[in-house]
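Next, two complexes with chain A in common: one pairs it with chain B, the other with chain C.
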Partner chain A sequence: MKTTGNKFKIQNLKLRILNLFLYFLLIGFTLAVLYPILNVFSISLRPGDRLLSTSLNLIPDGASFHAYKVLFTQTPFLLWFWNSSLIAAAVTITGVALASTAGYAFSRFNFYGRKSAMVGLLVTQMFPPTMLLLPMYIMLLKLHLINSYLGVIVIYTSTALPFCVWQMKGYYDTIPFSLEEAARIDGSTRWGAFRKIVLPLAAPALVITALFSFMTAWSEYIVAAQVLQDTSLFTLPLGLKQFEASMSTQWGLYAAGSLLVSVPAVALFLILSRWLISGLTLGSVKG
Partner chain B sequence: MKPPSALAGKFDSERFSPNTFAYILMIPAAIVMFGVVVYPFMYNVVLSFSNMSLRHFKDWHLIGMRQYAEVFKGKIFYIVLLKTLVWTFVNIFFHVTIGVSLALILNRKIFGRAAVRTLLILPWAIPQVIVALTWRSMFNYEYGSINLFIAHFLNMSPVEWLGKPLEAFSACIITNVWLGFPFMMTIALGGLQSIPQELYEAADIDGASGWRKFWSVTVPLLKPVMIPAITLGIIWTFNNVNIIWLVSNGGEPSDQTHILVSYVYKAAFNLYRYGYAAALSMVIFAILLTFSLVFLKRTRASETAY
Partner chain C sequence: MAGVRLSGVTKIYDGGVIAAKDVSIDVEDREFVVLVGPSGCGKTTVLRMIAGLEEITSGELYIGDQLMNDVPPKDRDIAMVFQNYALYPHMSVHDNMAFGLKLRNYPKLEIEERVTEAADILGIRDYLSRKPKALSGGQRQRVALGRAIVRKPKVFLFDEPLSNLDAKMRVQMRAEISKLHKRLDATMIYVTHDQVEAMTMGDRIVVMKDGVVQQTGNPLELYNNPRNKFVAGFIGTPAMNFFEGRVKKEERLYFEGKESDLKIEIPAELEGKLPVAEGKDVYMGLRPEHIQPQEERKGNLRSSCNLKVEISEPMGNEVFLYFQSGLNPIVARVPSAINPRPGSELKMYFDTAHAHFFDKDKEYAIA
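Showing the complex of A and B:
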């Protein structure tokens, strides 16, 4: 009796130590995640003459929203914001439209070339970024389409599309086929069954597709840096990089801009992350 | 059979056989993919056999395998390849170990779980460019907070993060580990939640220790979810030009921090060696394709063992 009691106590103690350790680990990681974000926030609040400071205080002495004011009134930040929004919206709409239809075809019909097309989509993920960017860039140069949004929108859509099609296909696979059969018996057309029955049920996957397309377009730098060379056409990442390049003078602008650019992306991401988890795991298991 | 369409010219999906309907659904995506993936890919193949550069932009011609020979001839390719392998391995190792550990902790019923999970996802949600540029500023020698921390709390002399090859490469890795673990954590968390609780209860009845339960229940059931994620993670990390390019500012110091994709990006867009860059792109693609085929085949083979 006594020994088992002791054993129980020791186990209990061990569990407590383990829990304590896990809490420390969790707190450590949370701090490591939060610190860079708070650091940027802190820099954005620094008054102009104290940008280069060696203080580790999170709220700087003489904190002000000066950088934000300058960002809106003296830099093309709003214009860049508009450019980015335009491109991201176009990519999101095309991405959702193309992936929802193509994914449905892959999920429901056993047509010729289905399997190789699916594998082909996967293979595009292995292309190094320059593989398509370089030929497209040369093509755009020859067509004098450098500095046009069309090029960027098309490239972004094609980068996001393979993942989105797989994702949609995986989700459609979980929707029972009998639902469409029932609709068809009730006189619905094939297109009608897809649009009125399946598409609404696939809303979570559509949301992920939209999120993924949006994020691709919103935060892309490498392609935009080559295709968009005119400052007035810049997207936000290009603009921020320009602030960063002259770190000493415009550090505050960079920090304030980064926060404002991250906020919409982070907000969308966190709101939608519930579906993200189920969507991703479903997609990967079924894939 | 069916009433004729009331509106002439209205999209009538009944006219087609099922497979034709499938093709019609696919056409828009297929056109886009063909125009911006298949065609550029072929063009890249042609370029890789050509001498195109800024000097030979209009008057380029095919020169056979010479660009490929150029790729394999220099020592630089092997050095950069080795760095790429180190980069990929170290990153994925930390992504998976940190991600899975955090998922295991978050899968327990602990206080503040939902809030912590949301906070830990943040690095994934923030645009990569901003992550990279922000860490670059944190690695600044004089004013970056990392050196300030080192000086303030560890009482050590500051590290010249961005000025020396090894330190700059480590800086890139630290940044990429920071931004990459939430993806693995999220996938692992999803996988853990789909493991039926009864399996653990059965293991308890059998008197299995926590360690034993982890290796006999958790790991095998997590594996099918993690393998595709790890495969994708490896490909994405191998191909991640963003972080290296932005944290080390295009390979600084003196092109010592390049991985293959940033090296080829530089060859193409800073040095205008189009033919050479196209050939190197093909080599990178071949490496990734071979890896994926072998990796997926081997993991699939081991899956049937369970």
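Showing the complex of A and C:
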């Protein structure tokens, strides 16, 4: 009895040490992630004359929200924000609509060319985006979509779609087909079973698709820089870059803008993560 | 309410598998018909064709008087209980049952009424707000049944609904489904691979093998007059004993075993039915209850054999004795008062008045 008790104690101790170690590791990573963000925040608060200061104070001397005020009142920041939102929303909605239906077709129907199409989607992912820049540009030119929202929306959607379709297909494969059959016998059409049974159960995959599409569009620079030439059409990344382009970089504005750009992305992630839960299909089949 | 009629129905899957071949079944209104057969014989395929989940390659399906070949599942007025339950995992028990009624635009009050009624019948009223994952296997099975009965469809289809339950639960649910059939007075088609389920539940049984219907009949008909060797061996536990051999004639007809040194007289009452069998290779089939030790000897038993007991399985009210005669395994079903030790020898009498004879090649029943 006594020896087993000791054994248990030693194991317990080992577990505690391991936990402690893990916590240190996690805290370390958190700091490594937070530090640059705090640094940017700190820069955005600095008054104009101390931008290159090497002081490590989080709240610099003479801190102010001046840069934020300038951003909203003297630059087209809000316009860029609106442009980016519009484009990202369009890409997200199109991406979710197309990926959820295409993924379903790949998962449930056995049509001619199904396998090759799946592989084809994968192949598109093997080229680096910069390599596709020129052909995409020429295509948009011929379609008269240069310098328009639609041009970037088309490119962003097509970039995000292959991953999203694969991802949706993979998730649908885990949802038992008999659920849809039960719904069809209960009185649903095929489409009704998809909408009322399959889509709610695929919520986690839909969230991933939405986030991925959104992020593809929200922070993209290279394609946008080629396609959008009118300043009034600029997205946030293009706009921020403008602060750098002048004779002297306006670091305060740049920092403030960067922070504000990341707010919607973080917010969206926090809101949607509610649906990122596993085990939605538990309990449907077998005992 | 309505009957279901399959007429020459064939199903060939994309890969070329013929899962059902020229299947003709006539299920009458309010009848409980069991489709039984070994795994892979095409039972599920037939059921799914009736449900409309699988296309019919050729042949005709009628529900009531209406040709249903091209009618979508939702318009066939049927309900199906799946082998794996197929409950909607994101809906509560109540919503699982109400789903079909909502789709059919029933008024809210009636939906509540029907769901509550079904829940009461099945004893799941306390779980109405739970999700399926918070239920046991037996409870899930009840919800699946509930989802079927709230709609009050013309025809109920069951695909091995009890195969995921433990033995005790299975017996209980078996009785409940039979009761449900009486109470609902509906047409039911029930698929199982378990012949005990088939025998205890079915008004009529359809035995299938390799996509082909072997025999249709009520349980006793199948038991007493199997049309071929497969049905004879499939129905009944322990299974019927088969002896390969030949029917010969000296001053009387007798059966001579091939792999066993059996020589058994064929009683006079059977002799008249067996003229075609003379000189032919046949299987003789004898049910375990028709092989009895001396003590149980009754009637006209003239064939006996000394056999060594290999295993004895006491079942409580009776004992199964397993012997080996040459290469031929033999099982007998005897009263529990007789409980010989394994290894001991026993004189067993073959009640050949109940023997069945089957053609050696085609396996159909002779006589």
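Definition applied: the second predicted complex is superposed on the first by the 230 of 287 C-alpha atoms of A that agree within 3 Å, B and C clash if a C-alpha of one lies under 4 Å from a C-alpha of the other, contacts with A are read in each partner's own complex, and residues count from 1 in each chain.
We adopt the following convention: contacts are C-beta pairs under 8 Å (C-beta built on N, C-alpha and C of every residue); 3 or more make two chains touch, one makes a residue touch a chain.
Remember, it's a predicted structure, so these values are computed and weren't measured experimentally.
Trainee: Which holds for A:M126: it touches chain B only (first), chain C only (second), both, or neither?
Mentor: The first partner, chain B, only.
Trainee: Which partner does A:G170 reach: the first (chain B), the second (chain C), both, or neither?
Mentor: A:G170 sits against neither chain B nor chain C.
Trainee: By the touch definition at the top of the document, which applies to A:P200: first (chain B), second (chain C), both, or neither?
Mentor: second
Trainee: Could you look at A:S178 and tell me whether it touches chain B, chain C, both or neither (first, second, both, neither)?
Mentor: Only chain C; A:S178 stays clear of chain B.
Trainee: Looking at the overlay, does A:D186 come into contact with chain B only (first), chain C only (second), both, or neither?
Mentor: Touch status of A:D186: second partner only.
Trainee: So, A:M139: does it touch chain B (first), chain C (second), both, or neither?
Mentor: So A:M139 only meets chain B here.
Trainee: Between chain B (first) and chain C (second), which, if any, makes contact with A:L25: first, second, both or neither?
Mentor: first
Trainee: Who does A:Y221 touch here: chain B (first), chain C (second), both, or neither?
Mentor: first
Trainee: By residue count, which of the two partners contacts chain A more extensively, chain B or chain C?
Mentor: Here the partner covering more residues of chain A is B.
Trainee: Touch test for A:G239: chain B only (first), chain C only (second), both, or neither?
Mentor: The answer is neither, since A:G239 touches no partner chain.
Trainee: On chain A, which stretch or stretches are contacted by chain B in one complex as well as by chain C in the other?
Mentor: The overlap between the chain B and chain C interfaces on chain A comprises residues 110, 189, 192, 280-281, 284-285, 287.
Trainee: Mind listing the chain C positions that touch chain A in their complex?
Mentor: Residue list for chain C touching chain A: 14, 51-53, 72-74, 76, 78-80, 82, 84-90, 99-100, 103-104, 131-138, 140-141, 147, 151, 164-165.
Trainee: So in the complex, which bits of chain B are touching chain A?
Mentor: Those in contact with chain A are residues 11-14, 16, 18-19, 21-23, 25-26, 28-30, 32-33, 35-37, 39-41, 43-44, 47, 52, 98, 101-102, 105-106, 108, 110, 116, 118-131, 133-138, 140, 142-143, 145, 148-149, 152, 178, 186-187, 189-191, 194, 224-225, 228-229, 232, 235-236, 239, 241-242, 245-246, 260-261, 264-265, 268-269, 274, 277-278, 281-282, 284-285, 288-289, 292.
Trainee: In their complex, what parts of chain A are in touch with chain B?
Mentor: These residues of chain A touch chain B: 19, 22-23, 25-26, 29-30, 32-37, 39-40, 43, 52-54, 56, 94, 97-99, 101-102, 104-106, 108-112, 117, 121, 123-139, 154-155, 157-158, 161-162, 165, 189-192, 194, 215, 218-222, 226, 237, 240-241, 244, 247, 251, 254, 258, 261-262, 265-266, 269-270, 273, 276-278, 280-281, 284-285, 287.
Trainee: Help me check something: in the complex, which residues belonging to chain A touch chain C?
Mentor: It comes out as residues 110, 176, 178-179, 181-189, 192, 196-197, 200-201, 279-287.
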